[in-house]
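Letters are used for the chains, namely A, B, C and D, taken in the order the chains are written, and counting of residues starts over at 1 for each.
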Amino acid sequence: MTVDTCEDIKLSNAQIAWRAAQDIRDGAYVNLGIGFPEMVARYQPPGRQAIFHTENGILNFGEAPPAGEEDWDLINAGKKAVTLKPGAAFFHHADSFAMVRGGHLDVAILGALQVAENGDLANWRVGTKGVPAVGGAMDLVHGAKQVSVITEHVTKKGEPKLVEKCTFPLTGVACITRVYTSHAVIDIKDRRFVLREKLAAMSFDELQAMTGARLHIDGPVADLIVPALQGEKSD
Amino acid sequence: MTVDTCEDIKLSNAQIAWRAAQDIRDGAYVNLGIGFPEMVARYQPPGRQAIFHTENGILNFGEAPPAGEEDWDLINAGKKAVTLKPGAAFFHHADSFAMVRGGHLDVAILGALQVAENGDLANWRVGTKGVPAVGGAMDLVHGAKQVSVITEHVTKKGEPKLVEKCTFPLTGVACITRVYTSHAVIDIKDRRFVLREKLAAMSFDELQAMTGARLHIDGPVADLIVPALQGEKSD
Amino acid sequence: MDKTNESLAQAVADIGDGATVMIGGFGGSGAPIELIHALIDKGSKDLTIINNNAGNGRIGIAAMIDAGRVRKMICSFPKSSDPRAFTDKYLAGEIELELVPQGTLAERIRAGGAGIPAFYTPTAYGTELAAGKVIAEFDGRPYVQERWLKADFAIVKAELGDTYGNLTYNKAARNFSPLMCMAAAQTIVQVSRIVPAGEIDPEHVVTPGIFVDRLVEVADPQQEEALIRAGVAYV
Amino acid sequence: MDKTNESLAQAVADIGDGATVMIGGFGGSGAPIELIHALIDKGSKDLTIINNNAGNGRIGIAAMIDAGRVRKMICSFPKSSDPRAFTDKYLAGEIELELVPQGTLAERIRAGGAGIPAFYTPTAYGTELAAGKVIAEFDGRPYVQERWLKADFAIVKAELGDTYGNLTYNKAARNFSPLMCMAAAQTIVQVSRIVPAGEIDPEHVVTPGIFVDRLVEVADPQQEEALIRAGVAYV
């Protein structure tokens, strides 16, 4: 199967995060979803500085403190201890989500279970079993000038995550405008997936075969080039 | 006319303000409307301390500073310079009106053009001429556990200010629960004026003759007793 | 006027069976552990608890759930590093869950405090969390109508409190607490230190005292996250 | 990342004809006189101005109105100690007025900043200021639907600003400014002092920098009230 072949040549999570980080301009206000998206913060290009927002009320927080030096009143939305950078600010939850809902963030980057060609996102729940938990995901998808997804191109079972219509419960409707995957960079425009970059080692048809909805060409398609990276552990 | 006679025996503005002040409990959060209602602050009973709120974002402000020592960034809703008491707080306008609209004030005391027997208040505009200006009046009438009016019982022309139905543009509907006048203290209960106190020197019928709607008796009517007061100038 | 209570037990003494209680904190950051445990000790049951989460480990809200005191949770994220308490009860059908997106939860609480009975938000439009809700279009975009959220009591943790109830918080421990102080009929606050009125700069007050009813000093408060990492259980 | 502008003229350079501009201040408290005068100097006309008031004397917003630059005022209280500028134009039918109750004005601006397109308030129900508005009943009580208010620009005055745009204010000069910073596409702030990022305690930030686009230092700002008392006119 084409899919299996292409799974061998793909970006690591760190590389996907790196690619997403390249599109964040200097001075941008950015919210990174819990988990995998948090890796994006590590790969800010030299000379650019984004300001990171966390839902629980901090702007301009920094990396985790050394083990043993955590202040558990100073955490991020993932409940991990963080530090502050100069020029930080604290605020309460209503102000924090005013920043989100009010469109004050430049970029939000989220994980995905599925993204549909019209921009629908499913990322909070697989089915109807277990304990549901939504957190701030449904707010964040309406909260930034650019709402992007970083994700593997297919599931571990090889099923497409970019689909015509989400089958998992929706997080938001028509909210995603760009998807960074293990194999490609894809914009969502006029309810269609528009291919912007793909790994040079694969053909368009190979990528299309891994994708659950039609990929469109609208302008040039560049090679998706990402450096080898150290320290790829997602936390 | 009865009205003319009773105009001779009436409380001064300072005495009306004094009477209203007696009903404010220790520790109450209070907003006093611009002008005449501001006089209420002078007559807090000994041993009681109210905390005054002003719409432009101060809790626990105090009297005017001496002339020449004004800080024009430290003013009240009437744009007069004030001072701070220990335990004051500043906040922005949305938080200030959250205090008002959210029912956090214990008492609001306003002036009136007319009060109707169902609790309607008209106090912001006489007709349709000139420049209309509403300020915070329409918010304040919905903003306190107790919304009271202090007023002359009749206009300078002798026309009743307590009426069956307001003829001036409304500030709020069914919002007033107590009226302190130059002649009486009247509750509004079940869409009726219920007389609680009146000047001893006048009869019920004399008071009724000055009033534009029926006065009801529901429980004892006490004498309205107010001391002589110095320094009655309203500012 | 002094809002100080002598003991935790006194501060929570009138939280009865069936009460709706907002509890500050985001995970362990800002969790008022001592007040929660005092409420467990009091024994009140059939409580509706509003918090971002639904407890962690065997302390705080989790211990309250373990003890069978919670009828219903209103929260955005009932998962944690050790979610057994809520998960077990939920899967057994012994606890009710109202799942609310985090920003909507914050805004509903603020609306409760600000006297706004309903508002519109883009959040959750087209998702199962908007099922059955009023939808309206503004400027061509669909929004979900959400109702205010109020409570009988709020129990929160702050840093400094003056005797009038003016509060400051510690770092991101602020989160939902200033909103909950506004939205509860009775707000009960544990602070690390009670100071005389005037000791907190009026410019630095985060929660003005008008939103606070009772203070109790807990000089060296426990930190939920630290307790969980130490494996502490409250029984 | 540094948001500092070199001059007042530079800071307002792109405020064009027909723009909607929120201007901070409550009377003279917090009025950004230097920025207003820079905008007059720039010569932009057909402006819609949002402020609590409508100018006083012959400076600030009054001077802008005198110069014929204002097409429409959105405000709660277009009266002042010397209201000639607005009054003359209004009575001559040369300026439009949208009169909004003060708390509703504040909440509409906050809603604009927080991504809330509409909300319900008890304020103005049953009055002429609710004429033509959507009315809805919640829990048996009628409320008025109000829409968000946004602007192309906000010009406000603050006390300290760090290079990232984090702000503090001076006393009651705070008033509408933190809300306006949220609700404008471009927020321009004159501060008494620009400090390096890190100089403002993150706990004391009132307006986080995400809401601020441009800073300009006006080291010894003029106070509107003082200028009016001195009879100053800006021509």
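Points worth noting:
The rule is short, and it goes like this: contacts are C-beta pairs under 8 Å (C-beta built on N, C-alpha and C of every residue); 3 or more make two chains touch, one makes a residue touch a chain.
The structure displayed is predicted, hence computed values, not measured ones.
The chains that touch chain B as well as chain D are C. Across A-C and A-D, the chain pair carrying more C-beta contacts is A-C. Seen from the C-alpha centroid of chain A, the farthest chain centroid is that of B.
One inter-chain figure worth recording: chain A and chain C are separated by 30 Å, centre to centre, where each centre is the mean of the chain's CA atoms. Centre-to-centre, using mean CA coordinates, chain B is 37 Å away from chain C. The distance from the centre of chain A to the centre of chain B, each centre being the mean of the chain's C-alpha atoms, comes to 57 Å.
Multi-chain contact residues, meaning those touching two or more other chains, occur in chain C at positions 107, 110, 114-116, 121-122, 169, 171, 202-203, 206.
Residues of chain B in contact with two or more other chains: 58, 90-91, 94, 97, 100-101, 142-143.
All chain pairs that touch, listed by label, are A-C, A-D, B-C, B-D, C-D. Those residues of chain B whose C-beta lies close enough to touch chain D in the complex are 54-58, 71-75, 79, 90-94, 96-97, 100-101, 120, 130-139, 142-143, 169-173. Only residues 26-30, 52, 76-81, 83, 86-87, 90-91, 97, 99-107, 109-110, 121-129, 169-179, 206, 223-226 of chain C touch chain A when the two sit together in their complex.
Interface of chain D with chain A (complex): residues 1, 110, 112-116, 162-164, 166, 182, 196-198, 202-203, 205, 208-211. Within the complex formed with chain C, the chain B residues making contact are 26-27, 29, 49, 51, 53, 58-60, 84, 86-91, 94-95, 97-105, 142-143. Those residues of chain D that touch chain C in the complex are listed here as 107, 111, 114-122, 136, 138-139, 141, 143, 147, 168-169, 171, 202-204, 206.
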